[in-house]
Amino acid sequence: MTPDMFFLLASILFSIGLVGLVSRKNLFVLYMSIELMLSSVSLLLATLSKVLDDTSGSVMALLMIGVIAAEAAVFLAMIIHLYRENRTIDSDTFHTLSQGENNA
Amino acid sequence: MIEQFLYASPMATVVLGALVLMLLANSTLTLSRLNLIAVSFLGLSLILQFSLYGDKSTAFLFETIFGDTFILDDFASIFDMMFTAGAMLTLLINNDYFKSHTYFSGEYFALMLFSLFGMMMLSHAHELLTAFIALEIASLSVYALVGYHKSNKVSSEAMMKYIVLGSMTGAFFMLGTALIYGSVGSTSLTEIANYVNGNSLDNIPMLIIGATFIMLTILFKIGAVPFHSWVVDVYHGAPYPITMYMASTFKIAVFAIALRLYLVDFAPINSFWTELLQAVTILTLFGGSWLAINQSLVKRMLAGSSIVHSGYLLIALSSIGLGSKVAAPAIMFYLIAYFISAAGAFGILSFIDSQSKRQMKYEDFKGFAQRRPYMALMMSIFMLSLAGFPSTIGFLGKFYIFTSAIESGQILLAGLGILTAFISVYYYFKLIAMMYFYPSEEEQKVFPVNISTILIVMMALIVVWGGIGTTLIPYIPGADGFMEIAIEAMSSLR
Amino acid sequence: MLEISIFSILALFMIGGSIAMISNKQTVFAAFGFLVAMIALAGLFAMLNSQFLAIAQILVSVGAVVVLSMLTILTVNAQSKSLPQEPNKTKWIILTSILVAPFTILLYKTLTTLPDHFSTMETINTKVLGKEMFSHWVLPFEILSILLLSAMVGAIVIARKSKKKEDNTTQTNSRERSRP
Amino acid sequence: MMDHILSNIIFLPLIIAMVMGVVQAPVKVLRLGAFFSSVVTLFLVLWLAYHYDPHGGMQFVEQAPWIQSSGFTYFIGIDFLSLIMLLLITLLMPPLYLYMMHEKRKGYWYNMMLLQTGVTGAVLSLDLVLFYLFWETMLLPIFIMIGKYGNGLRQYNSMKIILMTILGSMSMLFSIMYLGYMYFETTGVWSFALQDLATLDFDAQTFIWLAAGFLLAFAIKIPLVGFHTWMAPAYGSAPTPAVVIMSSIMAKLGIYGIWRFGFGLFETTLIYYAPTIIVLALIGLLYYAIRAITEDNLRRMFAYSSGSHLSLIALGIFLTNIYAWSGSLYFIGTHALASAGIFLMIGLLYKRFKTVHISELGGIAGKAPKFAFFFAFFALSIAGLPGTGGFVAELLIIIGAFKTNIWIGVFTATTMLSAMVYIFWMLQRTLFGTANNTTEFSDLNLREVILLLPLVILLILTGIAPSLFTPMFEPQLSLFLQDALHAIGASK
Amino acid sequence: MLSIIVVLPFFSALLLGIVYLGNTKAKRYTFYTIIGVGTPMIMTLLSFIVTYQVINGSDTLHTTLLQWIAIGDLNISIAFMADRLSVVMISFITFIGTLIHIYAAGYMKEDEAYGKFFAYFNLFMGSMLLLVLSDNPIMMFVGWELVGLCSYLLIGFYHHDTANITAANKAFILNRVGDFGFIMALALLFVHGAEGGFTFEAIATHISAIDPEMLSLIGILLFVGAMGKSAQIPLYVWLPDAMAGPTPVSALIHAATMVTAGVYMVARYSFIYVEIPDVGIFIASIGAASALFAAIIACYQSDIKKILAYSTMSQLGYMFIAVGLGAYSAGIFHVFTHAFFKALLFMGAGAVIIALHHEQNIFKMGGLKKHLKLVYITMFIATLAISGIPPFAGFFSKDAILVTAFTSEHYIIWGMGTLTALLTAFYMFRMLFSVFHAQAKEEHKLQALPKTMTQPLVVLAIGAASAGFLGLNEAYGGHALINTFLSLPDMKLHVSHATEYMLGGLNVILALLGMGLAYTLFAKNAEEAKENTRFKSLVIHTFYIDELYDILIVKPLLKISRLIENIIDPKIFDGFINLNIWGYLQSAEMFGTLQNGKVRYYALYILVGLSAISCYMLIKLEVL
């Protein structure tokens, strides 16, 4: 078992997160993609911690979990709010701020 | 030890204020009262910062406990003061706005103070994770603030965009941190600086890539093209006080960490980014002016133009990479200049909104000079400053930026900068034209003397004084004073 | 060998879960995919000898975050008809995957410049972690609490039902109102 | 008052305007204040001219640090060039204010006072940044004057003039910054003072680019052909006082700039541009004149006329001999007076007829002989009739042109013809013949005669006794020329 | 003294002008008359004194009024010089001018703008004297231009009629075309030959330093100036139209001032033309062509003033033949004599016109012999003089010119001149007979003529009859007083008396022939020429020269102007600017469409940026 595998995994996870973020309209998926990206950084940090023989990485990974939680709170609150106001979780329906709409 | 506490006191005051306001949020106090409380906390903090400015016997706060995560230098102090002042201005100028818009509640002030705390932390952070968390504090609070007008679709939409995109790019900051950690074995900026100095540019690719990812986050936050698309929408959707806060204060906060990173820690490898930054700068300059030029809402125009201003700052940033001496103070000065001018412009817009409850389009400004001659005069001053017209502080800002570009041999960038500055004249002057060139159907209105208007007047005076001011009047820093501050801040950054 | 196979299984779960997450139309299924990925991540942490991290991951990410998400999903109770219509989803995924590829390669290639073996390090248990955290990481830890606090306030503000609906000026531009 | 006389001259109008603005002066007080400021500055300038030593160099110099961190200085002084410009400005202001006496809109007065400060400052600045500041400052009042008080497509035209001139000034700013930085790099000190920057020495290519920055600004301001499309619309839309300042002072500032900064900084490089500019100027001379023939709007017609003559002046500068130079300098003065006169006349015409279109006029001479006399006089002085100063200047430039090259001379001499055609045809259709309207036309009243008389007298005086005026600038001009020729010769 | 002669009329013009403008409605007939007519009288007196001084005393008088300009080598003073040439000029200019002033006081009596008229008139005199007396080319040019201006003002005196103003414009602009040549010549002269100063005397002494080719160019350009002022082909078209002004104006322009300036100028620059005889021949040819051309046209005109105008042009042609061939004195002599009879003719014509209530068509007059006896007699004398019938003035001066042409072996020029002499007699008598002899078509109610209008005619008639004797040459028993007095660098030609008599005889015969022809055709019953042949119609329409000018110059200018207005300015220059703006706005538009409001797309842009940065790093860091 080499760190490379972990690295590969972390890279792929981060990329998957990005892909999900860009290609999906569902706000939940967006949210989870971001969580996935952050989690993959966590994984990366933990791996690095082990590779470098340094505890800091793990601590950072731990703190990252806290950050993830904080983001989750705001994000979920936002989804609830948006759903309540607009009855949809489709990110594409929110486009009243586009250039075209404001320069009629 | 006591003095350590003293050094911590400004930030502690802010946090304390945030907590107090959070607790008072549901009390029966009116918004004006809460505003007063928030401002008094900020004022206290500002006074503490002033009194502590300059005499730093220690470099790091609680070094025994915190290690080198919290740096104490003039650079950070000056940024602190700017943030605090920015927050105070935002709160005071928008006092009317809060009163006239019912959706504000007590938590608003708590969030403002939280985000301010995050920014201050950001300027003091000497460790990447701390910086990240600080940035997150600032960002999360601002996310909530942007969506504060909840019954408004636009506001919610802006918040959604900001959260999604902000979190997305925030992840890159952390990714970069992880890579740097992997490369250096520590996230302390001291260690990183040592590591960078000890290695040549060729054998630290991982650190460079990590730093680039961090830069990506920063580019996003300042709205550089192609990470710019949120700017116009979010500025538009957010309530005026928040837009003002973001445009003036938050943007500076991002530069606080950016300058610390790229001026000190990554200084030896800065040249790596030159071409990248140049490309981004060119895109930003043009993209920004493209966005600004055909907006009909003034707020969106200002948002677009703020992208252009980021472009100017990027010019200086890439000049730093090429070894320009004047670039760093130039950035600092420009930040001050832009801070005052943009805050003033948004302040007037918010004032108008609080009076008449409307988003101002260009057309709505027709006859404004006749209805409100003083407001129009001040708006013109801010517009001129943003356009870089001489005799305003904005001109000097641009002057320094372009000089730095010339110094570093980036003639093309300087030329493009001047070209976009020229284009910007169009959309700024268009507003002046709207205000002055059309008659008004209504009579002249009384100039309301209250805290908001007085502050706007003062800022207009500072804009002019900062452009032509000399040492004629002592203690009121003219251009020289601001430049001294900028140089001092930069020189402490070691 | 065992480690590799465990890793493979976990990695498979993770990637599978993530892919399920980004490709599933149904939000709930996506969330399950995410849940699987998160649990697998905890497993991976454990494999990295970071027990506390694994536990924390289970507790916070899985126990709190994902469950909260599930709850939210249920609250929102999005019916399949109210879910976003994404006919071009696959195209988008392919497009973005192509765009993301250089980044992934870059990331992976850079990371592989690091030593390709793990150091034989002691297990990062709670004690080690705690000691480290309160010796070097006090400040981030402290301000993390402020982050959580502000996030909480923010979340409350955002999620709270708006009091009144009348103040809708920023959106509308009604001409009747007085000029500024 | 006399210790900082130049500063007083520059800032007096501004200060009065600011005081008036702060105390919310009613318009009656305001216009008295404005008139007072113009008269006081006129006397100050006359005092200055009296004490001015035509053989001395830069005089009445004031230098004070301004923004020290970047070496901007408040550096003003006066020499023959600035003196002439300054005299023109201050001479024109009182008649202008007299002209405006019945104006009730306050903004008019504020803008005019700001404008006076702007142009005066630009003329006296010896620090490039200071110059740039005034150079831009004088645009603002013009912007407002055209856009707010103008007529026709005023908003569009106002924007057009602002954008085009700022394009020029931006390019100039670039060159200024480059020069300043280079000085810093060479000496380690920041300075933007003209005489400091003049010591810089670059390779020819750099100089060519830097000079281009300046020349673009000046070419747009003059305007040379190709940079001129702002001119006619702006002149056509602007209210009379603004037009007078634009044609009499601001356009000349382009010429002044070439002289002061072009020859001050890049003598040798200007040779590189000389052929281009000479050709442009010669084209402009005829182009504008021909364009003016069919123009129906009087303001626009004289805008083109102005362009034609300014091309001639610009041509004179690039011929670098004493005749052409003195001619150009002389022309700056006389053309300023004449064009101020004619635009004032057009303003008076507009007040009476509410039109400036030739096709709607006619037969004025029958109704108002005095008006017709003044109108015709100014029109003829613009055409360079002997006996008015314009002739002296044209003669000198033509001689200078022939001195340089016979073909340039031939084209330059066409100025004798070009102006005649449109001016006489215009006179025919406005003053003479039968009226195309039924408007009652009152002749000039005493106030109007008084405001016009100084211009007439000066124009005649400059025409019949140029020797009264030439000693004011001749000694220094020849020295300046020798320096320039020396530098040019050295570079060859 | 000299200064006063020049400056006085300017002052009186200024005075008259101010008084007139002060109150245009007021009638100040006496005041205007005293100032207006008194000034030329004083000038006449003074110029006679000056002439006397020159005749008896030193060769030339110099006065410097003030220094005009001193830049580099250009040191010009407003200075006056009275040499023999100029005193001859000023004496007859002031003398005849005064007579015309007196005449005008009667002619213009009823006019509302009487004061203005005299202001212009005095200005005209002053300008002409400045032209004649100035001691340097620049001041001469100033006078030259002012003369043009005054002619503009006077031709357009009746400014309510657009046609008059058009005529004035035409006069001034064509003059200005001439000035264009003049100023170029001056500039070249200055640039190449001003080492010793820029007065006539200084230039004359340094003339040899100038390269002959350059000198020829200068000579030709100077002559272009003369062409404009003296109405030679091709710049003559203003002259007939200039009749739009009041008749005294025509008299002044055609007799004493303005048109003769060209001849004077060539004589003044004789030191140049002596060096370049080829150019002289060119001048003479132009003169001859003009003379013949104008004479042909005059034969078919029916407007009395136009006939006189063309006759002036024709006579000017003679003068140019003379000065072109180097017989400067002969030219000036003809100027001198011509001044008398032409002034007389015009004033007579004016008298007729006034008497007939502004009727100018000769074929509508007729039979005035009895009614206007004095006018008839004086005009008859003038006609005889112009036709070259001895002993009247015209014969001697014209004869001198033709003799020169003949003996210098330019037979074509001589032939044209002689033919012109025949035609001159014909058309002049045609006019005379039509007006005074022919049967009246209708009954005329004549207006009485004031004495101020008739008495100057008598004075002039005496002059016209006797002025020729001043230049009587040896062949006719005189001593060529004027020629010797002028002492111009004339070409020395040896002429036998036989030749002179032969040529003189020929002239007289031809003149009588023309007279006879005119008598048979017009003395009884004058009929207006009909356009029944192509030639006639061509001549009556003055060879369509005006139309030619219109097509060749005026129309193209207007076309170019409109082209600039409609195409070049808006489409090319503004077009270029607008194209840039359009392009910029278009790209802004396109960039704006990226801003479509959908967060997915925004994320996509970020991803694209990330991807690009990644690629950049992949390449730059060579991690692959």
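By written order: A, B, C, D and E. Residues from 1 in each chain.
In this section, contacts are C-beta pairs under 8 Å (C-beta built on N, C-alpha and C of every residue); 3 or more make two chains touch, one makes a residue touch a chain.
None of the values given here were measured: they were computed from a predicted structure.
Within the contact network of the assembly, the step distance from subunit A to subunit C comes to 1. Ranking B-D and C-E by contacting C-beta pairs places B-D first.
Among the chains present, the centre nearest to the common Cα mean is that of D. Using the average of C-alpha coordinates as each chain's centre, C ends up farthest from subunit D. In this assembly, the chain whose C-alpha centre lies farthest from subunit B is E. The geometric centre of subunit D is 37 Å away from that of subunit E, both derived from CA atoms. Mean C-alpha position of subunit A lies 26 Å from that of subunit B.
The distance from the centre of subunit C to the centre of subunit D, with each centre set as the mean of the Cα atoms, comes to 69 Å. Centroids built from CA atoms put subunit E at 95 Å from subunit A. Among the residues of subunit B, those in touch with two or more other chains are 129, 133, 136, 140, 143-144, 147, 150-151, 153-154, 157, 159-161, 164, 168, 175, 182, 205, 209, 232-233, 237, 291, 294.
The multi-chain contact residues of subunit C, meaning those touching 2 or more other chains, are 92, 96, 99-101, 103, 106-107, 110-111, 113-114, 136-137, 140, 144, 147, 150-151, 154-156, 158, 171. Along subunit D, no residue makes contact with two or more other chains. Two chains count as a pair here when they touch; such pairs are A-B, A-C, A-E, B-C, B-D, B-E, C-E, D-E. The touching residues of subunit D, counted against subunit E in their complex, run 164, 226, 228-229, 232, 287, 290-295, 321-323, 326, 363, 365-366, 369-370, 373, 380, 385-387, 391-392, 395-396, 398-399, 401-403, 406, 409-410, 413-414, 416-417, 420-421, 424-425, 427-428, 431-434, 464-467, 470, 474, 478.
Every residue of subunit E that touches subunit B in the complex is listed here, in rising order: 584-585, 587-589, 591-592, 594-595, 597, 599, 601-603, 605-606, 608-610, 613, 616-617, 620-621, 623. Of all residues in subunit D, only 64-70, 74, 129, 132-133, 136-137, 140, 143-144, 147-148, 154-155, 158-159, 162-163, 166-167, 170-171, 173-174, 177-178, 180-181, 185 touch subunit B in the complex they form. Across the interface of their complex, subunit D is touched by residues 384, 389-391, 396, 399-400, 402-403, 406-407, 414-415, 418-419, 421-422, 425-426, 429-430, 432-433, 436-437, 468, 470-471, 478-480, 483-484, 487 of subunit B. For subunit C in complex with subunit E, the touching residues are 92, 96, 99-103, 105-106, 109-110, 113.
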